[in-house]
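Alright, structures below, take your time with them.
You will see two complexes here that share chain A, one where it goes with chain B and one where it goes with chain C.
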Partner chain A sequence: MSAEAKVADAEVRTVPVVARVVPVIARWVGALSVALVLFSVLLLLKGANPITAYTGIWETTFLRSRPLQEIFVQMTPLVLGALAVAVPARAGLTNVGGEGQIIMGGVGACGASLFLGDTASGGVILGAMIVCAMLAGALWAGLAAAMRLVAGVNEAISTLLLNFVALDLLLFLIYQPWRESPTGQPATKELVDVAKLPVISGTQVNMGLVLAIGLAVVVFVVLTRTKWGFKISVAGGNAEAARRSGLNVPVLILSALLIGGALAGLAGMIQFAGVEYKLRASFGYQLGYTSFLACWLARHQPFPILVAAFVFAALSVSSDSLQLDAGVPAASIHVLTALILIAVLGFTAQRKKATA
Partner chain B sequence: MSLFVDVLSGGVSGGTSIMYAGVGETVSERAGVINLGTEGSMLVGALGSYAVGVETGNPWVGVLAGAAAGGALALLHGYLVVRRGASQFASGLSLLFLALGLTSLFGATYVGQPVVGFDTWEIPLLSDLPVLGPVLFQHDPLLYLGYVLVPTVWFVLFKTRIGLLVRTAGERADSLTVHGYSVDAMRIGAVTAGGVLAGMGGAHLATAYANAWFENMVAGRGFIAVALVIFATWSPWRVLGGAYLFGCAIALGPALQARAFEINQFLLDAVPFVLTLAVLTVLGKRTLSASPAELKRVFENAPPSG
Partner chain C sequence: MSVRQSTPRWAVGVGLACAALVVAGCSSATESSGSGSDEPGKDTPAVGFITVGPKDDFGYNQAVYEGSQAVEDAFPDLEVMLAENVPEDDSAATTMQRMIDDGAKLIFATSYGHLDAALKVAEENPDVVVVQQGNTITTDIPENSGTYFGTVYEPMYLAGIAAGAATESDKLGYVYAFPIPQTIANINAFERGAQSVNPDVETITVSTSSWCDPGKQQAAAESLLAEGVDVLTQHQDCTSTVIQAAEKAGAMTVGYHADASELAPEGWLTGAVWDWGPVYTDIVQTVVDGDFVGSGYNDNFRVGYKTGTNPFVLAPYGPGVSEETIAAIEDAQAWLGTEEGSPFAGPVLDQDGEVEIEEGVIPTYAENDAMDFFVQGVVGNLAQ
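Up next, the complex of A and B:
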């Protein structure tokens, strides 16, 4: 660590934890309240009673065991998807490709399970699925990294476009080569029981949650306490300075994106082997974009990502209650999600000079 | 009709909504702002035009409403990124979610409702031409309006003072400030204009192309438009050609299936994205040099890492 970095690090540490945490909490509470009020107005316009809607959401989402567990199930891929944005962001890269990398992770996992069939033991299939999913996710992000390094193509654009290629690839596979039966909704064969992710005992929450929280800790340590983490943040801060001080910037860019892709691929594997068990047209729908926004809300920090992922998962689970208790379509919950994001994005950050 | 005519005609009518949105996004990006919320502007434009069309019975009033809705959403994006310094990607995606939610909330009552959409206007004489007639001149009036859109936007962007100011906001914002103009106003104006056009694209989709409203009906066309602008390297004319080209790629599948060819639609659906990626890779650094300078800064400015 350089002398300046040590000084900067020390400065951060001298600020008491409380002084750092309180504004963050205040920001969230403020944003949530503004969003809730605006959403109430819209519900009123639609003739629904916001009080009924909110108490319904509270009672059926947070006070019952099953929906609460469902929140933890749904936050798992969001945590990994958001970490997949956070690692490249540290190197100054914008990974908008979580959506495609998660789909590719699901495709990799499903491909591995189809290849091994019913004969292999559960452990072997699980292991193969994890490896293939992470490789597939890394490959998809690697395409964007290669395009950037070889042809100077911006990774925000290429990762975004690759999302749609991945989706079309998924649809191609489930409509023809991997389709289980020619009738009914196109889908792949269900994953064999022995290869499904085990659950935390006494719950319906799969082990992916433990893995995701563990990886959030690992990412935190790697980004803040290792040489590699320091190097990519230097490359992300000022590529020219990094080059002059002898860092291999292309390798750093490539590695940050590959790791991001692998994390998103793992999210796809967990969604496949822990939640959906088969690939359908809607596999992983919007997980990548939601993760991207969760990462933004968390300012690209691993531990706040856990909170943001929980909030988004809770919103998603509460959409059922919105439909049942308030009688408005489930997808309306996106309004509340978006309002929270807009409140946080627009009205809590210091005003910066245009762009960014 | 021959397969050839079928595909071309389908490409022109299916490509029109993408072309409107693509031309709008070109204006926005020329001023230095990328708007991933284009998909959202198209969605609110589609529902706005459809709902107002149903209520008033007049599709033209519907288009105005769709344009206004699309513009309003883009205005919010402009405000957030220009005045509040929000991330362009995060803001655009947030507004996409907002549009998905709003159109779901307010669109449910319009699912399955009949609308007085746009009729086909066969242009006298021209519509009788072989090939060109059915491909270009047997469509709805909103599509014909698209024919004059590109020359108009090109003229405004490249031959008028206001166009110069917009482009300067995207190329050398500082020199605009030096001359006493507001960069922020130019950018917000350009983004809003882009949203208006995306809203009209959505209106074409709902009230002329599909004649129906259903949830999430834009189905990625807004993102095709974003890809298209890069494919066309920020030229309105190439946006026009690219929109019809992408439209043809999408129309090819159904046309072949109607003739009992076994074809997997999804490989064709990927064509716009794969072509854009290919163009980016082949042109490489040359695409970057064609992009508005301030847009490059958007990409190079890393998100906060600490």
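Up next, the complex of A and C:
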């Protein structure tokens, strides 16, 4: 860490909490407002009233218990999927393979539950699912890491292409060995009740959310307060300089991608054991890519990732309201997503200038 | 790396915001699950439809949308809600619940894979009727739920006659999504219809594992055309890609779900298309009157040419269908409506030549709904 950075860090620690929080919130509110204003123009062009549309979203998505809880359910895999991008990014790596690693996590979890069957206790199955999912995700990311270290294949390409291999593997499993019934739509049989992730008491939100928020804290601490976190950022900043100062760069690259893959695998496990309970052909569809966007929206920082994941989950849940209250096509939510991405990235670029 | 030092600012703010939201979520989590009712859905002020794809897909979802319009016309006082692009996973339950919170006591979950979510919503809302289109409930049927569908393989048999008569290469191509009984029956009926006028014809199948993925559809259509197929048909929700690929290659098309003859003015033969209006309207009337429990719709409801009310109808004929073929199709349609008529009137042999349906046996609609083999003449692996 540079001397400059240390000074800035020390300054930050001494600033009162309120003074730190207010500009952050103001920036996000500002960015979201700009995006919403731009989206209003589209709504007007589509013949919808923006005021009705936004009050509709507010009343039916944020003021109602079930949609609000659905946002938290949907943000959970996005948090982990985005952390899976953030950790390798610290080592200068681009992990576009969240989609496949999440699928592999689901496959690992499902495989563990099928192997243990109905006899094991819920806790044992849950534990085995978590371990297998993280191993499967890490394996998938590890393939890309190995290709980079052995053959010099760019990991942005290999992780992306492995997504399609993971999907084919999923399809093979649900069409043949793991298929619930030869006459139903291809899917695995439903997870036994005892092995489903428990919910936070009084809600329909599964415990995965607690795990995801906890891991965001852990990732933050590891990246900013441990030697390993420091080393991978050095390797990511300038690999040649890192090598000359005696760091084992290949091991650092491998470990950063393996941890990223394990986090994405856990996202797959939570989606399987907390939400879907079955592997279907559409398992984890778009979760990896949305997480990738969320991570970039948050500039690879663990805590902003929580906000970005919440925003993307909220957008997804609001699309019902946009259709039903405002009467615009379902696809228009993607336009709003793009506007928010552009607006927020624009605002965070300003922030960078201010603190530099 | 340059923004690392500013991270702690975010940390506290975001952490607090999330904690606050979690608390908010927890404290308002009292779900109102309506009290049970003997007449679920009675006098509902609103009806909800969810579709897996967009309402203008020249296919399955467009047919649902047109059916929902018919309901709107028939019941001017009823609010009709439609949500498109609802995935076949748990999030479908949220969308349905939202419609229920807005007053709907009757929900049409219209995609095959919506069944799990539909049954979950039905269980949580005993005073609401949730009907599902196309799948089959294999467990005990709840009092406020059911499935409905037409015997789509009957018009596909007729369309097969048109295809079998028109083909010159004796190779027909079939792009499908998943090997579920409904699709398997369609493919088999299409091949058997074609065989009835052209014994040498074969149907080559390709699966896309998706109800609507234009990229995979394009690839599937191209590989079939490269095999020498000169009539393409499909079991996909969105149909325009395959139809346009066939038209571009100078091949012929049998449509599915909706009349897309405008996309293929040259090669359009005919197709099996929906007319959901009468069935939807009747379901709504039954529910509004409070007569759902114990009705035909509180079951796995199936209609076809035998009952005279098949929601599947044959699309208009294109220029490549001769008078002679039209006459053969009309004869076959009349035959399908009789006791002895069925696309699967025995003997039916499977791909390996084994007898699946004995000579003289006429399988019931329910038996056809469990079909799990390809008939002789179909090329493709059922992946079981």
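Everything that follows uses one rule, which is that the second predicted complex is superposed on the first by the 314 of 356 C-alpha atoms of A that agree within 3 Å, B and C clash if a C-alpha of one lies under 4 Å from a C-alpha of the other, contacts with A are read in each partner's own complex, and residues count from 1 in each chain.
We take it that a residue touches a chain if its C-beta (ideal position, glycine included) is under 8 Å from a C-beta of that chain, and two chains touch if they have at least 3 such contacts.
In this text, all values refer to a predicted model and were calculated from it rather than measured experimentally.
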item: Contacts of A:Lys231 with chain B and chain C, given as first, second, both or neither; value: neither
item: Partner chain(s) touched by A:Leu42 [first = chain B, second = chain C, both, neither]; value: first
item: Which of chain B and chain C A:Thr60 touches, first, second, both or neither; value: second
item: Touching partner for A:Arg148 - first (chain B), second (chain C), both, neither; value: neither
item: Which superposed partner A:Lys196 touches (first chain B, second chain C, both, neither); value: neither
item: Partner chain(s) touched by A:Pro182 [first = chain B, second = chain C, both, neither]; value: second
item: Touching partner for A:Arg20 - first (chain B), second (chain C), both, neither; value: second
item: First (chain B), second (chain C), both or neither touched by A:Gln204; value: second
item: Chain A positions touched by chain B in one structure and by chain C in the second; value: 171, 175-176, 233, 236-237, 299, 329-331, 351-352, 355-356
item: Complex interface listing, chain B residues touching chain A; value: 32, 36, 76, 79-91, 93-98, 100-102, 104-106, 108, 173, 183-184, 187, 215-216, 220, 223-224, 226-227, 230, 264-267, 269-270, 272-274, 276-277, 280-285, 287-288, 294, 297-299, 301-306
item: Chain C-touching residues of chain A, taken from the complex the two chains share; value: 1, 5, 8-9, 12-13, 15, 17, 20-21, 23-25, 60, 64-70, 72, 74, 171, 175-176, 179, 182-186, 200-205, 209, 213, 217, 220, 224, 233, 236-237, 275-276, 278, 280-282, 285, 299, 301-304, 306-307, 310, 316-317, 319-321, 323-324, 329-331, 351-352, 355-356
item: Contacting residues of chain C [partner chain A, same complex]; value: 1-18, 21-22, 24-26, 28-31, 54, 81-85, 87-91, 94-95, 97-99, 101-102, 112-113, 116, 135, 178-181, 209-210, 370-372, 383-384
item: Chain A residues within the chain B interface of the complex; value: 42, 46, 89-94, 96, 147, 150-154, 156-158, 160-162, 164-165, 168-169, 171-172, 175-176, 233, 236-237, 289, 292-293, 296, 299-300, 328-339, 341-342, 345-347, 349-356
